[in-house]
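Multiple structures are listed underneath, in structure tokens.
Shared between the two complexes below is chain A, which pairs with chain B and chain C, respectively.
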Partner chain A sequence: MRYALRRLGFFAVTLWACLTLNFVLPRLMPGSPILDMMAKYHGRLNPKALQAIEVAFGIQTHTSLIVQYFQYLGNTFTGNFGMSLTQTEPVSQVIGGAVWWTLGLIGVTTILAFILGTLIGIVGAWRRGGWLDGILPPVFVITSSIPFFWIGMLLILFVGKFFVHFPLSGAYSYGATPGLNWPFIVDVLQHALLPALAILITSIGGWILTMRNTMVTVLAEDYVRMARAKGLPGWRIMFDYAARNAMLPNLSGFAMSLGFVLSGAILVEYLFSYQGIGYYLLQAVDNQDYALMQALFLLITVAVLVAVLAADVLTALLDPRTRTGS
Partner chain B sequence: MRSAPADRVRELAGPGVPLGVPPDAGVPVLQVDDLSVAYQTRRGDVTAVDGVSFDLARGEFLGIVGESGCGKSTLLFAIAQLLAPPAQVTGGCVSFKGTDLTELTERQLAAIRWKELSVVMQSAMNALNPVKSVGSQFADAMRAHGVSSKREIAQRSAEVLAMVGIDGAHLKSYPHQLSGGMRQRSMIAMALLFTPDLVIMDEPTSALDVVAQRSLMVQIKELQAELGFAIIFVTHDMSLVSHFSDRLMVMYAGQVAEFGPTRRVFDAPLHPYSVGLLDAFPSIRGPQVPLTGIPGSPPDLAKLPGGCRFAPRCQKVMPACETTAPPLYQVDDIQVRCLLQAGRGPAGD
Partner chain C sequence: MQISAGAGQAADGSQPGGPARASERTAGRVWRAVRTNKKAAAGAIILAIFAIMALFPGQIAHDNPRAFAYGRSLGPSLHHLLGTNALGQDLFAQTIWGARETLIIALASGAASTILSMIMGIAAAYLGGLWDHGLNLITDILLVIPTFPLLIVILAYLPHGGLVPLMAVLVITGYSYGARQLRAEALSLRGRDFLEAARVRGERKPYIIFVEIIPSMTSLIMAVFLGTAVYNVIAAASLQFIGFGDPSSLSWGTMLYWAQNGEALQTGQYLWAIAPGLCIALLGAAFALLNYAFDEIGNPALQRVAARRSRYTAPWRIRAKRAS
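And now, the complex of A and B:
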């Protein structure tokens, strides 16, 4: 219980620090959205129009930073992130539309990579020197050192050449009406296949390697030999005695990568024109879209924090030593 | 930690009084015949256990002593069929109640394991799974052997824990929440879940302080007297087993150096190595004599000296020792591997 409270306290303090940094950093950047706007219209913007824009987008260059800061905090907690300059609709709507695509594509792929990689690592170490252990780990270690946008480009190139009708970009076909019907779901899955493959190929190797190596170490432990001496079935020794201990160091790494799901795939989403968070983040930064940028950065940091918190909870569930630790 | 009262320890383990039942002379529970184990290395096979033979009667307490790296733990794991690569049995057989364990498949072994033959390991901190409660590790062992009733598991687990003097409430504890002595006791309790015929113990007391060691030994001996299982007890501390074991085997460089009734080996050691081991421990009650120990260190098993393996460190070395590898000689009820006994007949069973 004390463990949970301490973790929650840590979460709150870090969240506050992130919120503050998120407010300060964009304002330290040279230029301002207003100057940008002026440049866009070559200075032919009368002061009244400028003021109208300032009000509409919530940019108050004349109020003090302190006032802006507290307004910002208040707005953040009420979910009011203002208008997006580039998308000309409320930021919350832009994010609300994009976040599910990113979660669906990159979140699912990250979880899949972790599960597959961990399983391959477990079995590889269990049958050390077997055919699975001889082929998969080396192959995926090589593929994971290749940048994933490059794999993505290769995929686009080859699939585009040999399967002319296979979708290469976007989240769904142009003109398709989103809805929970079979043709649309198939369409979405088809569009997700290539980017998912690119991520999977390049990220699975890390999980295989770390899991296999910790597993090999754990398999030499006395309690694994003890489990054998007790006559336990092989699968129980493999999962309950060896893998459960070997997985612990990997959990926090997995949580971090889950947290970075929202931001980590900018290149993939850009490459495949997948309209997710990463795609909009790139646009926001390009166009000094304060409101959208702030909200996205905030979303990413909160996601990382929540993921770390979840990993702590999971570790506590799986490892009794952390529960009573000092 | 709850330890047995000191007075009871003194009463039960008075100087030189062996405890427990005398070994009955019936069918041996374990027959080890010419057992050899090798570690496969890049430099070739290294023989860690070399042609060890002995019988173990029901309810007998056999002590095995020797320096680190003399092959005593490897011998134990070979008997229990728990060797992992690169170690491998290269010869001989282990007959447990008439079945040769080296011939069995892993599945056939699983049925015998723990029910009839259990193991207590050196460090209970490492031998208990840190992420599972003591109770669930007990339960795993029972479920693996067909006990599925939750009540039965809980009842038996609490029962064996009580045998070693631990409250059943500690079944819910995790290994890190117990003291070193309690962990070791709960390991022993776990080994007794099915009241096996043989319990193999690999230095179960080495992580404990002297008082805890003593009380644990007494407890093991009491349990043995009550339940009648045989024990193979490996240690590097000769004085520890001296009061408890029926027979004592001294190992050197993978071979039996001397093997016989504990009192005989203790009172009149025949092998110069046994003499050296005994001289390495101070006697509390006897006259003060300077400790001599054994000069040098055990040989590299990959580069054994020709002739007697102990010759380079031996106080009584003779020219013949450098060239002739001594066989085991039978001297009354003692087997000894030393050319000083060359007039005696060969040991054979």
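And now, the complex of A and C:
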């Protein structure tokens, strides 16, 4: 119980730190980025929108910093993030549209990578010294140091050359009307294939290696030897005895990685012009659309915080040692 | 070289054995690692090649990397080993010259990040009490906030910042994992006899931290540095790829930025995208291989079941360790 409260406390402090960061950064930075942005948009936006920015970022207002700070906190908690300059709709609507694409693409890919990687790790450790076990770790050391947007670039090069009609950017074909019909679903899947592959290639190694290493340690335990002595079939020892106990690091890692879904593939979304959270974050940065950028950053951080909390709870639930330990 | 370092310290005469020998051991270990461990040797050789490229780019590539002086989008030839890009620049010269800035970013920000980790981690462990709580809370928060979006958000407010803010932000956001590790190690040293002895001798705190604690942690500090360097190579390249930093500078990340802007992928200019990306991957791999090898050597338990230290999987690996 004390443990849970302490984690909740940490959650609250970190959330506050992020909120405050969002508030302080634009006011603190040299060269006044907000004025810069206002000058850029002057004459292109209606005066009302400009006034809203002035209020949001504390320019030419006579309210004190502290009042501004509490106004900002109030706005954030009521879900009022202001208008997006470039998308010309409320920030919350932009996010509402983008978040599903990211969840769909990267969420599904993360789950796939976890399942595949864990299975490969289990088999690799079970057949220790086999060919799978021999090539994977060194290959993984190399792939882990490749920037994954570059893998995406290579995919675009390769597919663009050999499969001329395969879609290389966007979430669906230009002009297609979104709906639950077969052609559209096929279209979406086609567009998702390359970015998903780029993420899969670079993220699967972590799952494989963690699973394999824990599994190797568990396989040396006495109860596994006992199971062998009893003459249990190999697959039962592998899954019910060893893998079940070796899963813990990977499972809590999985809970964490779900939180990193929103932030995980900013560059992949950018590279493939896939209209998700990361794509809009970089668009917002490019156009100095600070309101949208702040809201996206907050959303990403909250997702991670919730996931960290979930991972903690999961570990505590599954592993009694953590409960008594702290 | 390691002999002279050891002798120099022993000439102090203040503490025979102890830390001086520890750092001598580490230096010897590094050298032995490079000689005997294949991974370490491969990493060291790649790094040495890039270092030569960074030191003598003009001797290796005779073309001016910035000049728009050649035919556009030429294929590889004897005149242009990697061809030219759509702007008429020589790609071989760009790749060679790009090593300098990329290496500087990796080494300088890696070193600065490691020093910050040492300050935050060791101070927290050594000072204890409220200091420990405070410093640890800051480190924990930075560990949890997703680093890459944070980098983007901070740099977004510095649109014309160039390279220095980019590196500064990398240092500030990247120190936390190392600080975590160093704090744990320093905590485990706290009750050791040689620190007690120093305290009884009446040494001052800075002396104990710099002469007693830090030298006995060199191999972990090395691992933190290498891990941070891998991460910084990739993070800096990614940031430059989306246009942060100085787009007119010569580095592999900026080359990728121009390749993307010049539609290199769509127009079949393969080498424009492949050469810098491959160099980044190789440089990252060199640091990762060295790190992996030191891990194996420094921790005999891992020699059979080699675990990997990675900056990306960091937060939950710590958690997993804490749990087990």
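Operating definition for what follows: the second predicted complex is superposed on the first by the 251 of 326 C-alpha atoms of A that agree within 3 Å, B and C clash if a C-alpha of one lies under 4 Å from a C-alpha of the other, contacts with A are read in each partner's own complex, and residues count from 1 in each chain.
The rule we apply is simple: a residue touches a chain if its C-beta (ideal position, glycine included) is under 8 Å from a C-beta of that chain, and two chains touch if they have at least 3 such contacts.
What you see is a predicted model; the values in this text were computed from it and never measured.
Using the contact criterion defined above for the overlaid structures, shared-chain residue A:A227 touches chain B, although it does not reach chain C. Once chain A of one complex is fitted onto chain A of the other, the partner contacts of A:K48 are absent, as it touches neither chain B nor chain C. Of the two partner chains, chain C is the only one that A:G206 touches; chain B does not reach it. In the superposition on chain A, contact of A:Y270 is made with chain C only, not with chain B. Look at A:R2: by the touch rule set out above, it reaches neither chain B nor chain C. With both structures placed on the common chain, the touch criterion links A:T14 to chain C but leaves chain B unconnected. After superposition on the shared chain, chain A has more residues touched by C, the comparison being chain B against chain C.
Residue contacts after overlaying the shared chain place A:H165 against neither chain B nor chain C. Shared interface residues of chain A, touching chain B in one complex and chain C in the other, are 248, 319, 321. Against chain C, the residues of chain A that register as touching in their complex are 10, 13-14, 17-18, 22, 25-26, 29-31, 33, 36, 137-138, 140-142, 144-147, 149-150, 153-154, 156-157, 160-161, 168, 206, 209-210, 213, 216-217, 248-249, 252-253, 256-257, 260, 263, 266-267, 270-271, 281-282, 284-286, 288, 290, 293-294, 296-297, 300-301, 304-305, 308, 311-312, 315, 319, 321-322. Residues 39, 137, 140-141, 144-146, 148-150, 152-160, 230, 233-234, 237-238, 241-243, 256, 259-260, 265-266, 268, 270, 273-274, 277, 280-281, 283-285, 287-289, 292, 305-308, 310, 312-313, 315-317, 319-320, 322-324 of chain C touch chain A in their complex. Per the touch definition, chain A reaches chain B in the complex via residues 220-223, 225-234, 236, 240-241, 244-245, 248, 318-321, 324. Taken in their complex, chain B has these residues touching chain A: 77, 80, 82, 84, 106, 109-115, 118-119, 121-123, 126-133, 140-141, 144-145, 174, 176-177.
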